[in-house]
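Per-chain residue numbering starts at 1, and chain names A, B, C and D are given in the order in which the chains are listed.
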Amino acid sequence: MTPDELTDLLRKAMPLLGRAADELATLDGAAGDGDLGITVSEGARAVEQALDTLPADVALAALLRAVGAAFARGNPSTFAALVGGGLLAAARAVTDATTVDRDAALAVGRAVAAAIAQRGGSAPGDRTVLDALIPSLDALEQATGTSEAALDAMIQAAEDGVAATRQMSPRKGRAAWTGDRGLGHPDAGATAYLRFLQSLREVTVGTDGRVDG
Amino acid sequence: MSKKLINQPANFVDEMLEGLLAAHPDQLAVAKGDSRVIVRKDAGTGNRVGIVTGGGSGHLPLFVGYVGRGLATAAAIGNVFSSHSSDAALEAIRAADCGRGVLCLYGNYTGDRLNFELACDLADAEGITTTTVLGHDDVASAPPERAAERRGVAGLFFAYKCAGAAAEEGRDLAAVTAVATKVADATRTMGVGLSPTIIPTAGKPTFELAEGEMEIGIGIHGEPGIRRGELETADSVVEQLFERVSAELDLGPGSRVAVLVNGMGATPLEELYVMYRRVRQLCDERSVVVHRAYVGEYATSLEMAGASLSLLKLDDELVSLLDAPAASPFFRQ
Amino acid sequence: MSKKLINQPANFVDEMLEGLLAAHPDQLAVAKGDSRVIVRKDAGTGNRVGIVTGGGSGHLPLFVGYVGRGLATAAAIGNVFSSHSSDAALEAIRAADCGRGVLCLYGNYTGDRLNFELACDLADAEGITTTTVLGHDDVASAPPERAAERRGVAGLFFAYKCAGAAAEEGRDLAAVTAVATKVADATRTMGVGLSPTIIPTAGKPTFELAEGEMEIGIGIHGEPGIRRGELETADSVVEQLFERVSAELDLGPGSRVAVLVNGMGATPLEELYVMYRRVRQLCDERSVVVHRAYVGEYATSLEMAGASLSLLKLDDELVSLLDAPAASPFFRQ
Amino acid sequence: MTPDELTDLLRKAMPLLGRAADELATLDGAAGDGDLGITVSEGARAVEQALDTLPADVALAALLRAVGAAFARGNPSTFAALVGGGLLAAARAVTDATTVDRDAALAVGRAVAAAIAQRGGSAPGDRTVLDALIPSLDALEQATGTSEAALDAMIQAAEDGVAATRQMSPRKGRAAWTGDRGLGHPDAGATAYLRFLQSLREVTVGTDGRVDG
């Protein structure tokens, strides 16, 4: 896949993400302040706009820079800053990539995860987006076969990761100390990442969700 | 459904700022580079250390309401309950700097921190010295041994008041920062929520509270508290809040405190005074001297019903800084 | 059920006053003869004309919040939404008098009037001269030809502000009364309600408003308005209020006004600024000059959600009185 | 009946009035501010206390003065001031009465009504307490037979008067000008007076409500 093809996929996937806004607002409201729905829908809208301004034959790094900056600015917030900042960090990590193959995708994902963990001061198990992101990258690393199959494996791993956050204490154990209003719900940021992967699959393989490989 | 006097939800914050600037053109102005930055009319002049704050909207008078004389110099404005951008934070820092450096004073929320940290890095590259002090007064948000992780809530007002007075006096950045740190470390707050809030663009409550239920320790965005239970009397609620906010301040006979009984939005001022009555009794019983009492809406959560109690333990320096005059459209002393 | 931070409902008003006095001992005091009378700390001194107000509780900062320097001298306090007693009114008049007479300045409600009239008769028998001016700014409460029957609402603030400044300047009773009359006659207000209020001792709403419904012209105690309908945008609501409050003031290019966008209790300050934005646009379109804008909670109805718009048409005398300094625990300029 | 016997009746009737507080609050809330329930229950409590401090062999005027002052102070308000003030005016009108017969009762009632009309600037048809009070006094004036029968006639007239207020515009025609939230409900103050008469009957003739004459 070329960066231009990825741009095209993202342009189709972004509008689908808005559908998750209500769900994410509710999940974020259960444990936090409820603004994640807006962060994701506004972020997706900002990304879509940024994609439209990209020149043809764009480099992967430039694509990531544009997407990262747009997402960070869409609705500034923790999630926007971490994910947007993560994509900017990834752009620095893939400066010379010109195709988006599995290795490149993995490098981007790992760079994003590392940046989120570093800037957020968080680790797997802290009930964050990392608990879906990292398992999905592990799945990608082990995947063989078509890119559709790899994406499916990533989604499966992210789904499991999201489910696991239900049992995790939000914000590094705060629930153990305070009430348990957030407990039992999956983490909002992890869910947002899962919805992103699912949107990507939807535009990759058609709405029937079946994988053709 | 939400009962709000608004227009397009997406325009809420910008229309609010437009109204604010139209109402107070003598005191406030928008920064040149960013419509989401509000500054004191005289920002950047006067050879004072700048104080910049910021955060999500929906908390008036927090944050922009504390931009004024003897208070903060500029505020970066986010969407409702969402952080300001790092661009706005940088612009606020630029606008507040007169060459003596800028204190970034805001609440401890990850999003606000991330955006301020980036802005400070960029300001540094431009030759503007910054320091940072985070409000972390909400005792319900982490146990004492993790006090630095706590969220900042209404008690931030005390930090603006004292650091602002120190800056107004002409103290240097290190001294202003030391005052803010001292206040942040000597302030404790806990709140109680009686009803949820509604983010305009979401249009429905972020959480539910049953009829006759209250949530002790609730956060300023509706973050979960320590305990839900049946609504109790004002006296009983105050006793529980007082117990928690006073516990870590080592108050004894003769200790001096400033008290803030803060309304979250929908709770009538009358009820805040009923609460203050009990706070004062508890202080009197302990021979703790209330040097100043503030009762009103100082940090709200849109239309949430509820209140919070903040205590600041005072020493001679803080007493004189707290007593200094200050003036913004929302606070004047 | 009501969600209130109170103790025994029957003690609500007295506990509120206890808290108020405890919080502001430097500015307020209770009158010697009646615990339901609050006076300026320096009431009865200074050789000034006294200004006495009063009415039911549940409207803070109305009425007691306007007891202060450059404002009223004393307030008689009633139960929630009920008149003060005539005893309290008499005591307030006594406390406010320095020998130059007392202006009774309050809202046009039968109960308040009856109790004030009796008190004035008794004061007269004691040799204290009184005059009376009634706030009657609520345009929704009677048509123009019966303007004197209208109820007094948030616009009373302007009368306190200007008459208080005149008294502070040392003008005599006739002159202070003339100022109050001029302001009362040049002020118009209309409100919109989005949710009901709950009297603590009653414990349930005094009326119902369906989800998504608003009531235009609602009274400050929830009295019926002019029209119920689906909630509209802030701009549309403001346009309707502006139309009605400006209609009788004969505003044209160059007219000067003071604007008050008042929150009824639960409506966030952010929304009031969104409303003011539109008010200002409407004034600008008509080349009407906004000399001063007040945005905030100036006269509430406990936890009612809603807002009101008041306009005061100014002349040179009122401009200078409005601009004069004033200070109470609730209002400082 | 002596004033002492009336005192005794009132002492029994006052606690019953509190039962009407909710109804009166709702009626007053429909057209006004909802405080009438408190005015009546607090007023009744204040009257009860005042009665306890009366000496034996009290004069009717003194009884009326005590009751009027107590009701006015119970929960100061329009209704308290008008009714309390009306009773004080009645005390001045019956200075030399020592028994409470029909004529004395009528004199008291007329004095109260006149004072309310004068101080309230109101007339029959304005949708006030007068619309129950005045018809009931007319009924008393025409009544023959036992005092219980007279009381029954008063109640019947007051009931009709209260019903008639349903069609009246509150506050001198305000409903015609504003909305119609209050229309259709009976007037709160008129209803309060009816409930007072009914309480009086209950303690006069027993709780079965039957009249023994």
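To be clear about the criterion, a residue touches a chain if its C-beta (ideal position, glycine included) is under 8 Å from a C-beta of that chain, and two chains touch if they have at least 3 such contacts.
Note that the structure is a prediction, hence the values are computed from the model and not measured.
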{"item": "Centroid distance [mean C-alpha coordinates] between subunit D and subunit A, Å", "value": "73"}
{"item": "Where subunit B and subunit C are represented by their mean Cα positions, the distance between them in whole Å", "value": "29"}
{"item": "Inter-chain centre distance, subunit C versus subunit D - centres from mean C-alpha coordinates, in Å", "value": "32"}
{"item": "Per-residue multi-chain contacts in subunit C, two or more chains", "value": "none"}
{"item": "Shared-contact residues (touching 2 or more other chains) in subunit A", "value": "none"}
{"item": "Arrangement of touching chains [line / ring / star / complete / other]", "value": "line"}
{"item": "All chain pairs that touch each other", "value": "A-B, B-C, C-D"}
{"item": "For the subunit C and subunit D complex, residues of the former touching the latter", "value": "56, 78-88, 109-111, 114-115, 118, 140-143, 149, 199, 201-202, 205-207, 215, 217, 219, 221-228"}
{"item": "List of subunit B residues in touch with subunit C within their complex", "value": "1, 3-7, 12-13, 15-20, 22-24, 57-58, 60-61, 192, 194-195, 211-212, 214, 231, 233-235, 237, 265-277, 280, 293, 295-297, 300, 302-303, 305-307, 330, 332-333"}
{"item": "Touch list for subunit A against partner subunit B, complex", "value": "22, 25-26, 28-35, 37-39, 72-73, 75-82, 85, 119-120, 172, 174-175, 177-182"}
